[in-house]
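Chain IDs A, B, C, D, E and F follow the sequence of writing; residue 1 opens each chain.
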């Protein structure tokens, strides 16, 4: 609920601490300034409202005119937003706003590349829990802005039975049955499989989603055939921009990509004072 | 002080929320497990104690035997640590521990590459404030583990007079003088310069550190000559693994590299249950 | 993650504030005491570990010997646990421990009555979001201890499309389709219906769970026939101990009962000093 | 001070967490809605400002027109308030607002019944510390709205010497004397008694308030005679709507009723979208 | 409840922030040290356990041997406690521990001087709400260690009707009556008076405590006679070590002294490394 | 960043807790009042904006007209500010606002006396870390308002190598070298010295600031001569209003005075209701 405010407050506290000694000493109290956020390369925008919130948490009177909406493709040189307000406030919020915005755009842009790579197939690109600690809500939002969809947010809103859970429960069928009777009926049950036998066992147990983990493309294709729409098929492991198209063409419904949130590059954005 | 605990708590709260529904349903309460953290590629280790703290915050009785110390070079296949404890706890801490550890190793490893690239020169590799919001203390620590040193942590423990401060104060000399009289005498004064004239003006005003921003190598060399040891010379802008050696050879004292903390890649590390 | 500790800390802070003036004045510092938690009526136990945690948060050295496990039926006069420790600590923790324990047992006991009432039918008793603000995690746990299962915990781990969502989306089918494409694929889609027509429309749209809201028994029976296993059927509205059996006999899969968490009575439990 | 905001924030966080997935998917961003809070049964109103604050914490621009004031008797069908604002905000705040409001009205209504039952006698109905953990401030307020008055809020703003304190201090007189010299002189001293002898001893020690715990009516009457206005007489134990009148007629000044805050029923209130 | 821990954590966070750069650079990790806390002047000890808690919050393994108890008179040169532990921890906790301990001893010592000044009279020395923001609980404790007693802790645990309350209520009698019926019966009612007429009016209204504010000694004596034990008489205003004896000899029961907590001097205490 | 708000919230929570029972009972809800803050003695103003923030945190609609700016000399009887707003709010904020304002003015006024005492010399008056736990940021600000400047804020924004660090590192030169290579290059290195030999050793090691600790005036003069502008010379120890001029005349650059923040007296300020 109050997660984004929590993130921004933590970041401002971290960056400003007991005060910006340089600005305090050099900038006249009360002087105002204008600035613009400018794209220094092409990317998909995500986080423009978060950038605004950074300045508003410092000073609600800062004027922030957003020129582009999240989810849009931006070209090098485009102005993303105009700011006007107390000069010290703009200087103090600059780094935190950019640190957040640049990373969010990075996630959205990388996601868009994966989405484009599977265009025309039935596969949906989804994220994972391999997100930056503390920033998950922003990264998952950025994935959506890039055209992907979200896997479960955390351990509480999705059931994903992995190898160790299966071992602990004593088999795929038992694990699925236990989950079925004990977790809220509002959650689907997903199980991780490595072989076609496991896929078969999971199907028989009436699972909702089958994760095909690190399977060869051929096996994956076979698994999709075997599943035949009785469960969702999700591919994971070894997914990158070179391999993703081939994976998508096996017919899987979903491809989860850790890289979306652990291997993105911060987009180049500047805040230029006028 | 309590920053690292704050980071871990936030990350656990984010990932586990009201509970790990899968583990609750499939893993017998009280069953124990053993696991190891294993390197899946070569890297410089950073964050092994943080990983331990993740599990200890969940359950102080988890045994965690660290086999390698932060700062050491690790090879693919090496075991970083052994864990033993409640199976549910190991499963619940796994993702958060890896999300932190993999990123920290990423920063340390990238830093080590830059440090190696300037070997034999007088230049020191330093970081910037372009860190991941909320994780700065861990990323700055990882830079040190990779052989770099830290620039100011935040706006409060270093004076860096940039273009906009100079404009606001009405000139380099005035800005430096104001800082000298108003900030704690325990802080050095650094000023950003774009031209040799500005370098000269800053020197005259008795500045402690001169940032040579985005200068051509030739100009930078000239600036170093001009400064002649009367201030520290720090290069920044356009620094990457290809350019860094040339920059170092101009004779600058410090090279600040934003990429260390905004362009690293998470190292591949697994937690294998035995 | 740290939710239960948060609840207990808040409760202790609320009850003790800057100090227990009576105990401070009358009880010698360092004197020890023994006490027992005793059932003053019959009920299903829930919360015994929470009671222990209350005392341990005040003082980790309090000895707390649990004699009965959560989920068990307790008879009037039975001793639930033995405590031994600093007298002031026992006196200061008493009210908070009882306030929590008595309410949790109340929820578990009421749930058990509902579960018993539908014994032999296929219906499962589930809870709702009509929980006591701040105590949801404890009340949902108590429902499980009483033999019920949990509906979605909150707005984030289950999709329940109600009348107003349908109106906003422009129809049942559209609402379901939107949810299907936008929410994590790990969540099932549930829709609220008032008429058989709506049930039909929801089925056609491929919904996972159909909420039969305040339907007459006859209509409900008809709805179950119509659904015919293609979705889960959940009854809600007007459910009490007199009506629940009839509802269960319509063949619904789930019956959600707000009363479990908003109309329970605190069970009578005493802490007796020896 | 900031207690009510703390309660509401906790409740919203608990109910909304990382987001209301249903509303996000089905309700167009920016669409507005109107709704009313309607009484579905007769009760005494308490908490209408708290309900408003729930929506205002989510979005300060929600219009909330209160039609009835706390403390008033409300009839089935009456509209308590009108709301207008962002549709998603109204849907997200609905459950938390109702969960709080329904409980607060429950406390006020039950209190009013006890107050009415002792009408014409000198007895005042007071509450206890048997409140819902985390919600005490709201429940104590609701008791006042129902016509009762508050006993001490917590262990810090009233001295109540119970059996165990007496035992620890070595007698009623010693305990009272210690309290008199050690606690702030702004607090009255109350002591719990079971027998007339204890009442006498307490009087002699100059206590301010005497709690007559679980006494037979006859004994209680005798105690009141004995006290004769030299201290306040408070009855407790076994108080319910059937016994309270008899207790009041013994002449006691105060009757404390745990049920006011541990045995109330949530009043039936709906939020109807227009 | 958790107030003292909150104070210490805040103080450590304030003093150490992201790290003690000097100690990190100069002290070998893991080296241990011994130190003692030594009195550099005579004073009454208060806060020795708080000092210990400072080090234990940093590192539970620090050994802290307390040689003197709070409330005792200490002479210049006496060792208050021995410490042994990680050298970095001792260095990092030193300033915070001393900052707290020196102030607490200051309060206790000043209080003891006032207590001594009224020895032999019936007057008790009490504190006020003029405490250091955030440290009230420690300062009130120190007053007790110095032999004083506490006035109400805050606005919630005592009724003190001042001039403005009287004006708002429309007279002393009305104000007292309103308080009597609306505040918990566990609190006494105190009223501030400036004249004998007001004292009379307050007595007639049955007030519990009468504050004689800034009265001449003669008037005060008269007031005490007038009150004649029917209420407690408390003197305030213009109290210092020169005037306090005279005030006490008027026969008042209590003398409240703001200086105890707003005009104390930090006692000189050193932490000497061995 | 959010430090001042944190201080005020803590103070209000501490003073008001669950409510101001006196005001609640005696002051009509919604009645308004006017008041002024008046100087009862001469002092240097510091904290007037903090006082305003106290009332605004309670109620943003309170009108607060500041008549004098921080840093100005105020005479007895002068009105510092006018307030108008809800009567209950003014009464509830009064004590906290005064507790903060009076202390801040105390620091500023004492600082101004030290500054005046060294007028005409080259010495600057600086503060120390001997501040009131939790209030450092306000006290350091008040020092600036009194004409002093700030030493390092905390352990993280300045290097001060003391005796124990030197011992741990194995000598002055080693300690300085270690600090030089390990702490951010934005921080100066200061070292504590007791003798001229140590001064010499520190100079040779190229230290930036030399602390002359508790030296006799003659030695100090000699040390200044020895340093000869190659480092800043800072005097500390035994500094009071009688000794400070003599110390300044030795030619030191800085004099650090613990008393500024540990021995000030709260200035007398009243809030008068009209």
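By our rule, a residue touches a chain if its C-beta (ideal position, glycine included) is under 8 Å from a C-beta of that chain, and two chains touch if they have at least 3 such contacts.
As the structure is a computational prediction, the values presented were derived from the model and not from experiment.
J.: Count the residue numbers both chain B and chain F use at their shared interface, divide by all numbers used there, and answer same if that is over half, different if under half.
T.: Mostly same residues: over half of the interface numbers shared.
J.: Would you mind checking which chain's C-alpha centre is most distant from the centre of chain D?
T.: B
J.: Roughly how many whole angstrom separate the Cα centroids of chain B and chain D?
T.: Each chain's C-alpha centroid was found; their separation is 53 Å.
J.: What whole-number Å value describes the gap between the mean CA coordinates of chain D and chain E?
T.: 33
J.: Determine the centre-to-centre distance between chain A and chain F, using the mean Cα coordinates as centres, and give it in whole Å.
T.: Chain centres of chain A and chain F, defined by C-alpha means, are spaced 45 Å apart.
J.: Which chain B residues sit where two or more other chains touch them?
T.: 16-19, 137, 153-154, 156-160, 182-184, 187
J.: Quick one: in the complex, what on chain D touches chain C?
T.: For this pair, the touching residues of chain D are 7-8, 10-11, 14-28, 31, 33, 87, 91-92, 95-96, 98-100, 102-103, 129-137, 154-169, 175, 178-179, 182-184, 187, 262-263, 265-266, 273.
J.: Which chain C residues qualify as touching chain B in the complex?
T.: Touch list, chain C to chain B: 1-3, 137, 153-154.
J.: In the complex of these two chains, what residues of chain A are touching chain C?
T.: 124, 126, 149-153, 156-160, 181-182, 184-188, 190, 208-209, 232, 234, 253-254
J.: Using the touch rule from the top, collect the residues of chain F that touch chain D in their complex.
T.: Result: residues 9, 12-13, 16-19 of chain F touch chain D.
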